[in-house]
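The following blocks contain the structures, represented as C-alpha cells.
In the two assemblies presented below, chain A is common to both, partnered first by chain B and then by chain C.
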Partner chain A sequence: MSAAPEHSSARPPAAEAAAIDASIRVPVLVLLGFAVFWLLGATALGLAAAIKLHTPSFLAQCEFLTYGRVYPAALNAFAWGWGVNAGLAVALWLMARLARATLPGAGLLTVAAVAWNVGVKLGVLGILAGWSSSVTWLEMPRHLMPFLLVVFTLIAAWIVGLLRRGASPRLYASQWWLLSALFWLPWVWSAAGAMLFLAPVRGTVQSVVAAWFGHNFLALWFAPLALAVIYYLLPKLLGRPIRAYWLAPLAFWSYAVFTTWAGAARLAGAPVPAWTPAAGEVACFILTLPLVVIAVNLFGPLLGNLAALRSSVVLRFAAVAAFCFTLSTLRLAFTALPGVAEITRLTWFDTASDYAVLYGEFSFAMFAAAYYLAPRLVLRPWWSASLINAHFCLSFTGHVIAMFALTVGGWIQGQELADGKIPFAAVAAHTLPWLQAATLGGLLLAIGHLAFAVNLVKLVLCPQHRAASAAAPVPASAFSAPELEQAPAP
Partner chain B sequence: MSAVPSNFGPRLEPAAASDESIQRVHGALLGQKPQPEPGGYSLAPLALLGFMSALILFGCIFLVHNRGGFSPLVQNRHVDPATIGTEKVELPLPDIIKSGAKLYALECVKCHQATGAGAPGAYPQLAGSDIVTGNEERLIRIVLHGLKDSFKLNGAEVVYPNKMPNFAPMAGSANTFNWSDEKIAYVLTYIRQEWGNQAPPITAERVKEIHAATADRKAEWTFGELPAK
Partner chain C sequence: MNRASLVFLGAFLALLLSWAALPFGNARGYGGLAAHVDDTENKAYPARIAGPAARGALVYADLGCAYCHTQQVRGDADGADVARHWGERQSYAREYIREPRVLLGALRAGPDLRNVGARYNTADAAERLYKLLYNPAADNQTALMPQHAFLFEQRSLEGRQPSANALKVSSVRSGFELVPTERAESLVAYLLSLKDTYDYPEEKRLNTPPAPKKEGSHQASEPKPAAAKPAEAPKK
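What follows is the complex of A and B.
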C-alpha cells in the first residue's frame, strides 16, 4: 500500500459505512420491498401470458386477463415496477456508499418512492383495463407519464445530489454508470414520450422513435445499472481490483456513444430508409469494443478467483450477470450480421434477446446487490441460507431453460416463416413445445422469486428472526471491511 | 488481503475491501497504463487499437454496402438507388392484351365492330387484314395520325367514305382521343393477336420512336406516304 488512507472524517471506514447505511435504510428497504412486490406480480402475469401462448383457453373468460392485456401488463410491471424500483434502490445505496455521503431527507424520498409505486400500480391496472398505448415499454396510459416522469426525475436528482455531499474525492466506474443511467432514462423516456404522444411525429418516424426507445430503455437503464453493481461487487467481495482499469473509461464512452444508435438495428426489414437499420447494425458491431474492455475488466478478477464462486452466492449472481452482458452484446452483433435479422426478426429469438438483458443481466445483478446490501441495512443476517441457494439454482436453471427454448425455437420459427412452402399455422404449431419449455423455465423463476420474497420479508419484518438476532447480535467485525490491496502493475 | 472471519455463509457475505480503499486503489490504477520494457512494446494497447481499427473499417464497408444511397425512398438495401426509374416496367403480355381489348371496346369497336370484320362498304375489316399484321411502322402511323383516300387491302385497291381518325393529338385536328403511346401499343398488340391474326406485339417504345419521328404531321396520311410492305 503506497498512499495513506484518505479519511476526510475522523471516523474509521466501518463506522462511516454504518452511518451511511443507517441514513438510507428506510428508502432503500421501501424501494426494495416494492421491487420484490412487482417482481412477484410481474412473474404471475408473465406466467399467465406464457401459458396462454400454448393453452389459449387458460383464463380466457375474463376480458382483462386476455393475452393482449396480460402480456404488456407483465412487461410493464417488470420494467417499471421491478426494474425501476430495484434500480433506484441499488443506485441510492451504491451512490451513498461510493460517494461516502449520508442521505438527507430520507422521509421525503420514501414518500416519493410510494408515489412512484402508486403511479405504476395505476399504470398496470390501466393496461389490464384496456387503456394501453401501443408502444412497447410505454403501454401504461399516456396521461400517467408526466407524473411518473416527474417523480422519477426527482428521485434521480436526489441520488445525484449525494455526490455533492460525499466525502469521496473520486468517482469510481460504478458511479459513471449510475450517474449516466439516472440521466439517460429521463432523457430517452421524455424524448420518446414527446415524439410519440405529446406531439406525434409523422409516419415512418414513429416506428424509428419506438425502436430507438425500445432498445435504449434496456441499454441505457437496465444494462448500466447491472454494470454498476458488477463493477462494485467484484472488488468488494474478491478483494482484487478491476483488471486493466485504465481502459474502463474507453468502455464507458464507446458504449455511451454507440448504443444509442444500435436501436435502429431493430428496424431491419421494416419500411424505413435502408440506411437507418444499416447505421444501427454498424453500431451493434462497434459495441463489441466496450464489450471486450468490460469483459477484461470483470472476468480478470473473476477468473483468477474461481474458487470464490463456490463459497459466495452474491458472486455467483454477479458472475452470471457479467456473463449475460457478454452474451447479450454478442447476440446484438450476431443479429446485425447480413442475413441473420431476416431469420430472427419477429420471432421468439428477438424476445429472448430482450429477456437476456432484463433477466440474465439486470435481475441477476440486482439479486446480487440485494443479497449483499439488505443484511447490512438491518444489521441482521438473512433468514435462511438454503432459500438463497435455492433462489440462485432456480433462477439460473429457469433462465437457461427459457433462453435456450426461445432462442432455438425462435431460430427454427424464423427459418420456417421464411419458407413459403410451410403454412403459417404449421409454423405456429411447431413453436408449441418450445413455448411449453419456456413456461417450465418461467415456473422455476417464479418459485425462485417466492424464495427471495419470503427471505426478504423474514429478514426485515419477522419478529422471531428479529428477536433471535437481537439475542445473538452480529459482531461488528462482520460488517467491517479490510483495505483493498493494490495489485502490482502488470 | 485478510479475510474477515464470518460464520454466516451466504446469509451475510463478508466484504473483502472497504469503499474508501476501492476508490483510492482504482483512482491510482486509472492512470496506470502498462509500461513496456525498455526497447519493447506492450501488446494489450496495440491489440485493442487493432481491434478498434478493424471494427471501424468493417463498419464503414458495411455501411457503404447497405446504405441504400442514404436515400429516404430506398427501403430495400439490396436495391441500387441509381437504377431506380431507369428500368423498364413492361406489363406481361396477357395484361397488355387485356388492356388493349378494353381500349378497343371503348372506341375502335364503333367502326370496326367487335368481330373485327368492319362494315362492308363503310369500314374496313381488321381480321385477316395485311395492314394490321404487316409493317409495324405503317400500322402505327395510321393509328397515330389517321388515313384518308384509297388504300391497298389484301392486294385489292379499296376506298371507303370515312377517314381513319388520328388517335394521337394533332395540330388542326378536332379529334380529342389523345391516346398515349402506351395505349396505342396495347390496342395494336391486341388487334394483331385477335380474330385469328398472328403478328408479333408492338412495344410502347416503338410507338414512341415513330411518334417522335412524325411529331410535326398535321394531316391524315395518304397510303402512298406510308412505307410499303
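What follows is the complex of A and C.
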C-alpha cells in the first residue's frame, strides 16, 4: 500500500518516494485540512446567500448576514480559503513528487500555513463585520493584504525551491503550470493591490484594474492548478501517455500570453476606452488555440480508455475537471462573439462562467488530487468508498443543475433586460425559478462536501477504522494503475 | 522546456505585457482626466462629493450594494439602459474621477443606480428611499431586495418631541418612533447624489454621430440611431 515509485524510466527506489512523502506529510495534510474547513464554511455562507436571492426575508434581521456581506464572505472563503489552501497542498505534493525532492523545514511551512489561515479568517470576519472594499476577490480589509501577500509568497517560494533540491533532471508540463501559478498570483495580486489600495488610480481605471485582476485570479491561479493536476493524473490513471506532448508548450505559452488580456472583455459597454474590452474579446477568441491543444493532450488518452472511467472515481473527478476547462474556455469565446456580450454581461450567465472555473474546473481537479494523494500520504485506505462515490455524484449533479439554471436563467435575464419594454421588476421576478434551482444544486454540493470532509477526517484522524468498511477503500485502479510518468519534455 | 528559469521569465513577461497595456496603459491614458469647467455656469463637473454623500459611499461598499446593483449606463448599442430611464445617455469615464472607490458592478439583480438621484427627485425622495430600505417588501416592485431594518432604530417618545425625520410607517409601536441612523442618512445622501445630468460638451461631441447633410428638404429622414459603437473614453 505504500506509495508506488514515480518514474517508469530511472525508477527511484521505493524508499525515495517514501522519504519524499514523509517529508511533506504534515504540511500537505494541514493545508488540506484547512482547505476542507474553508470549503465547508464557504458552502454554508454560499447557501445562505443563494437562499437570500429568492427569499430575501431569510436571515434578514442581522446586519452581518445581509446579502451584500454574506456573498463576498462566501466568495473569499472559497477562493482564499479553499482555493489557496487546496492549491498549495496539491502544488507542494506534486512538486515534491515530480522534482523528486524532500522538503526541508516542514515545521516552518506548517506554521506559515497556520498564519495564512489566521489571516484569511480575520479577513472573512472583517467582511462580515463591514470592512469590505466591495472589489471582487479583494474585499478583505486592506490592512491584512500585505500580511497575506508576504505569507503566501514565502510558502510559494518554499515550494518552488524544491526544484533546486530535486533529483529529477526534467521539468514536466504539470510543473510549468505549477511554477507559473505560484509566481503569477503574488505578481498579479500585488500589482492590483497597489493600484487599487496603496496608490489608487482614478476613476474607471480602477474598474480596468479590478477586471484585469478578477479574470487573472481565476485564469492564473485556479485554472493552472487544475491543469497541473489533470496533466499529472490522467496519464497516470489511464496508463497512457499524453497525446502529442510536443504541442503542450504551445498550449502553455499561448495560454499565458492571451488569457492575461481576456479579463478586459468583462468591461464591454462600460465607461472605459472602447479598445480595452475589444482587446479582451480578441484574446478570448485566441484562447481557443491553447484549448484545442490541451484537449488533444488530455482527451487523447482518455478517449482511448473510456472504460477506465467506470472503475476509478479519481479519474472521473479529473475527467470532469478537464471537460469543464473545455466548456469554460468555450464560454469565454462565446461571450466575446458580437451581439452575445450585450446579452450576457451583467447577468447570471457571466457569474456562472466564473463558477465553472472555480468549481467544475478547479474544485473537481482538487477533489481528484485529494482522493489520490491522501491515502498515499497516511498509508491507509479511504474510510468509505461509497462516500467517495456519493461525493462525486452529488458534486456532479449539483454543479450541472446550478450551471444549467444560471446559464439559462442568465440568458433569459439578459434578453429581457435588452428589451426596454419589459419592466425591470418582471425581469427580476422571471429569474426566481432559476435561482431556486441553483439553490437546489448548491444544496447537493453541500451534502457532497460533507461526505468528503467526513471521509478525510476519518482517514487522517481515526487510524483504527474498521477493516471491514475498508474492503474497497480506494478504487482498485487508483493503486494498480501503473504510475506512469508523463513523456519527457521536448 | 526543461529550464525553470525560462518558464519563470516567460510567465513574468506574459503578465507584464498585459499589465503594461491594460492597468498601466489605461492609467497613463486617462487616469489623469480632469474635471470639466463650465465657463457659463462657472462650475466644475463632476462636482465634488459632499461630506455625507462621501460617507454614504463607504456604507454602500460595506453593505455590498454593488453585488446586485450596477452603476454604469450602457449606450444604445449595448443594451436598453436608456430606454429603461436609467440615464439620459451612456456613462462617461469623466463622471467617475472624483469617486474614491469606483464600483461599476458586475450583475444586475437590481436596477442600475447611476442616476437614482435623478429618478428620486421629488421633495419626499429621501423619505421614499428610507421606506424602501426599511421594508422593500412593502412595494411589489422592490420586493426582492433584502431589508435593511438594521439601518434604523426605534426610539421611545417618552418626554421627547418626535424627530423631524421619523419614518411614517404603521409597524412602529405606539409611544415609539422609527428614525434612520446616521449610516442610513449618509447612504441616502449618497444615493440622492447619484445623477449624471450634466452633458459634457467634449464627450457629447465625441459620441454624437455626424449629422446627415441637410440638402434643402428638412423632412428628409428621421435622425438615425447611432450605428457604430461610440468611442467612450474622452481624450485628455
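To be clear about the criterion, the second predicted complex is superposed on the first by the 451 of 490 C-alpha atoms of A that agree within 3 Å, B and C clash if a C-alpha of one lies under 4 Å from a C-alpha of the other, contacts with A are read in each partner's own complex, and residues count from 1 in each chain.
The definition used in the following text is that a contact is a pair of C-beta atoms (placed from the backbone, for glycine too) under 8 Å apart; a residue touches a chain by one contact, two chains touch by 3 or more.
Computed from a prediction, not measured in an experiment: that's the story for all the values here.
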(message) Quick one: is A:314 in contact with chain B, with chain C, with both, or with neither? Answer first, second, both or neither.
(response) first
(message) So in the superposed three-chain picture, is A:184 touching just chain B, just chain C, both, or none of them (first/second/both/neither)?
(response) second
(message) After the superposition on A, what does A:389 contact: first (chain B), second (chain C), both or neither?
(response) first
(request) Could you look at A:66 and tell me whether it touches chain B, chain C, both or neither (first, second, both, neither)? (result) second
(request) Pick one for A:143: touches chain B only (first), chain C only (second), both, or neither. (result) neither
(request) Could you look at A:237 and tell me whether it touches chain B, chain C, both or neither (first, second, both, neither)? (result) first
(request) Using the superposition on chain A described above, determine whether A:165 touches chain B (first), chain C (second), both, or neither. (result) neither
(request) For A:272, decide between first (touching chain B), second (touching chain C), both and neither. (result) both
(request) Could you pull out which residues of chain A sit against chain B in one structure and against chain C in the other? (result) 170, 249, 271-274, 279, 489-490
(message) Residue numbers of chain A touching chain B in their complex, please.
(response) 2-3, 5-7, 13-14, 16-17, 97-98, 100, 168, 170, 172-173, 232, 235-239, 241-242, 244-250, 271-275, 277-279, 281-282, 285-286, 288-289, 292-293, 311-314, 338, 371-372, 375, 381-385, 388-389, 474, 477-486, 489-490
(message) Show me the residue ranges of chain B that touch chain A in the complex, using the header's touch definition.
(response) 1-2, 4-6, 8-35, 44, 48, 51-52, 55-56, 58-59, 62-63, 66-77, 79
(message) Using the touch definition from the top, list the residues of chain C that touch chain A in their complex.
(response) 1-4, 7-8, 10-12, 14-15, 17-19, 21-23, 26-27, 29-33, 60-68, 70, 72, 74-75, 77-80, 82-84, 90-97, 99-111, 136-137, 140-150, 229-233
(message) If we count contacts the way the header does, which residues on chain A are in touch with chain C in the complex?
(response) 52-54, 56-57, 60-63, 66-69, 71-72, 130-136, 160, 163, 169-171, 175-176, 179-180, 183-184, 187-188, 191-192, 195, 200-209, 212, 216, 220, 249, 252-253, 256-257, 260-261, 263-264, 266, 268-274, 276, 279, 342, 345-348, 350-351, 413, 417-421, 423-425, 428-429, 431-432, 489-490
